[in-house]
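In the two complexes below, chain A is the common chain; its partner is chain B in one and chain C in the other.
Presenting the complex of A and B:
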């Protein structure tokens, strides 16, 4: 599979953020949740001695909070994207393989999910079911599988008629064997593409929920919650809300670039 | 045509019912007892039993599901836990504000997005095209709530061009003309934020559709007949590309509705979004449930209208 320059840029940025998040406990200069001792250290601008990215209202080091935020935001987004890719592959493979009425019903259900505003469903889930990161992952996954399902379904529909699949069927393999051993492995690149493209949406949704106060709770630093912290003082201390916003925008752009590059690199 | 629109919009009803069923199961999955929220914490367990009977919570799940679905069909969502106002009235009061905000934002997004797409497509792969595409990509990736707060900090507080939120000034006169201007002034900034955020989406779709259409034979033919580049783009390619832009945008209507929820919350705009978020904070569950159904239905209807409009603009389809 060939990947163009945009894809390399996208994957490098994502990789850097993932590494930063994974290593956060070891590379973060301070504890992200503990306010710094001296009150004078509150709202230090970026570049202050000792605080590369400045501090927030409670004199917490923003670099440390950003690094730990990467850990939470990326973990939630990645887990939810893995979940939605799994659901999407299952729905898409079942619909594409079965055809007929089951296919029609599965695709109508996909349409229903596509036409519901994701944020609204996530708010409902948060209101009724709860606010733990696990619930967040479950519902981000449950509201993000439609693209993968559509892509995998259409891949399966095409692959079923390909000669190597017909040959496998002619050799007497069972339907399940043909699907699992010959059709699905070739449909998986499509699922990987939609998972990568879905990463940006999952990141933004998580940030939005945390911003509204219905996502990952304090004192854990999630990027969305950090923006909420800094929003009201954005005119006087722009960095508190803007640095996490830049982190989100960079990650989402990187995921979109990587996903676009993968999609164009898909073997046709 | 009108009859056909009505017929197509009927397709929104099953989807709204499906969402309503989904909400019912979410409420069922919730761990707490909603009845306790209404009750004095010191009340006896008997009082709670009585209240559960009044709310109908003592009946079997299947029966409550039937009642809930029937009530959805008749738009009866019960009364607010907070102030006992019928939920339907609250939604009817909030919906017009959301419609106004979303449609003005959509118009702004369309204006900016189509202008950027035309500039891009007039010279594909030029420096201008690359810059505009990059801006669109970044806009799509930027959290809209950060944009909103930046707009408040600079345009409203810093430069004082706009009010920071609400729908009307405290000092507003009752003189109709000035009052209307004041309202528009309050609408401008939230609509601008939502419109600019959505313009990236519009311009990406519109640029793609335009570039594809420019390759088509009828556009080449117009150039061969001596039409200028500009004329081929504006008079031939642009109108023919609109239908595919709009049908792609129809799929993004849910994002617009989600964005409206956020913008309303930040700008204190009294629409469905603020109603929903406020009800969530107050644990006013009937309002949350009905608000979710209403917003989803709004998105579905918007999606269907976009489909209808796209079909009407498609030059390959005859006049219906």
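Presenting the complex of A and C:
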């Protein structure tokens, strides 16, 4: 398969952010949670000596917080997309292969999930359980699988009518073996594309929840929480909210570019 | 007799696609099934393989494979037989191979699902089957995906997957229609050699009268699901 220029840009940006997040404990200049001198170092603008990206109200180094934020934001987004893709593939494959009543029931359940406003559900649920990255992943994963389920179901329904599926049955493979060995591997590229495109959405959802105060809790840094923090002083210290916003925008755009490139590069 | 089909009636939805068809074939024989498209040739093969499409079912008659009645047999029993004791070769070699599976994996899968061989032994049998199917330098194409192969080569890979477990009966559903004329006689020649050397019984579905005359010992002619004639070829 061929990846075009957009895809290379997308994957490079994503890769850079992933690397930055993964290496944050070693490359971040300071501990992201520890304040410096609250009087002298608070709200320093970008470019200040010792603070490349400036500091926030609590005199914490923004570069360090951005790097550690990348770690949390990307990890939460990736894990929740992996979870929702797994659920979606399982539901879609079962519905598409079984057909009939099971298919109808599974798709109506999918419709019900699609009709619930995700944010409202997440806000309501987060009121009952604690705030932690793991909880966030579980919520985002459990409410984000419907697109993948529909996509995989339709792929499976098309693929199972192909002659190579009949040929495989003719060689002695059971229905389950044909599904696992031939149908799903052929449906997988579509699922990977949808997961890559879903990554941007998951990043935004994480940021939204954290911004609203229901995501990752202080003093941990996630990009959404940093924006929430900086929004209060956007007039006096623009950088505190703007820098994480730029990071989110870059990552979401990169995920979309990468997903588009994968979709177009797929062999058909 | 390896296969004995008697008075088979198959319904697909509300129409009878096969309406009283009989056929029998012994080891090393070739029986041709001829007829216009829509006459029920492929359905006959699929019914014997237990692979009728949804909505299709055997209403009457019997299909005996090696004395075992297959009408009403369970999926498990049929899975056991398919690929191992009887196999099918399809008309369109491009469509019958999984587009993302490599040749080696494709052919060895039959051995693997029946638990017949694994590892180096499986590889050896795969190469042997590819050679028997007329693939020159078989080792070289083990790592190829189907779309990189020519149509004739694909059909031979499909044939190799069908014969790798050494089945006793092969349904060849217009195996040469999608191929160029020089390749047609080559593939038919391969089937003839397999019959003579391994005792493979071949049910050749075809509308190529010449091929039928040259290869088949008996002919079953179908017209709208009924056996119109059953004659020995001269």
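FYI, the second predicted complex is superposed on the first by the 266 of 268 C-alpha atoms of A that agree within 3 Å, B and C clash if a C-alpha of one lies under 4 Å from a C-alpha of the other, contacts with A are read in each partner's own complex, and residues count from 1 in each chain.
Here, contacts are C-beta pairs under 8 Å (C-beta built on N, C-alpha and C of every residue); 3 or more make two chains touch, one makes a residue touch a chain.
Predicted model, so just to flag it, every value in this text is computed and none were measured.
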- Query: Given the touch rule stated above, what does A:53 touch, chain B (first), chain C (second), both, or neither?
  - Reply: neither
- Message: Let me test your reading of the model: by the given contact rule, A:174 touches which partner, first (chain B), second (chain C), both or neither?
- Response: second
- Task: Check the residue A:145 against both partner chains and state whether it touches chain B (first), chain C (second), both, or neither.
- Result: neither
- Item | More chain A residues in contact [chain B versus chain C] | B
- Message: Just to be sure I read the superposition right, which of the two partners does A:200 touch: chain B = first, chain C = second, or both, or neither?
- Response: first
- Message: Output check: A:30 vs chain B and chain C. Expected answer is one of first, second, both, neither. What do you get?
- Response: neither
- Query: Does chain B (first) or chain C (second) touch A:11, or do both, or does neither?
  - Reply: neither
- Query: Within the complex, which stretch of chain C touches chain A?
  - Reply: 49, 51, 75-76, 79-84, 87-88, 90, 92, 95-101, 109-110, 113-114, 158, 161-162, 165
- How about chain A: which of its residues touch chain C in the complex? 162-164, 166-175, 177, 181-182, 185-186, 267
- Within their complex, state which residues of chain A touch chain B. 111-112, 114-121, 123-130, 200, 204, 207-208, 211-212, 214, 224, 227-228, 231-232, 234-235, 238, 241-242, 245, 248-250, 252-253, 256-257
- Within their complex, state which residues of chain B touch chain A. 15, 18-19, 22-23, 26-27, 29-31, 137-138, 140-143, 145-146, 149-150, 152-154, 157-158, 251, 253-255, 257-258, 261-262, 265-266, 276-277, 280, 283, 285, 288-289, 291-292, 295-296, 299-300, 303
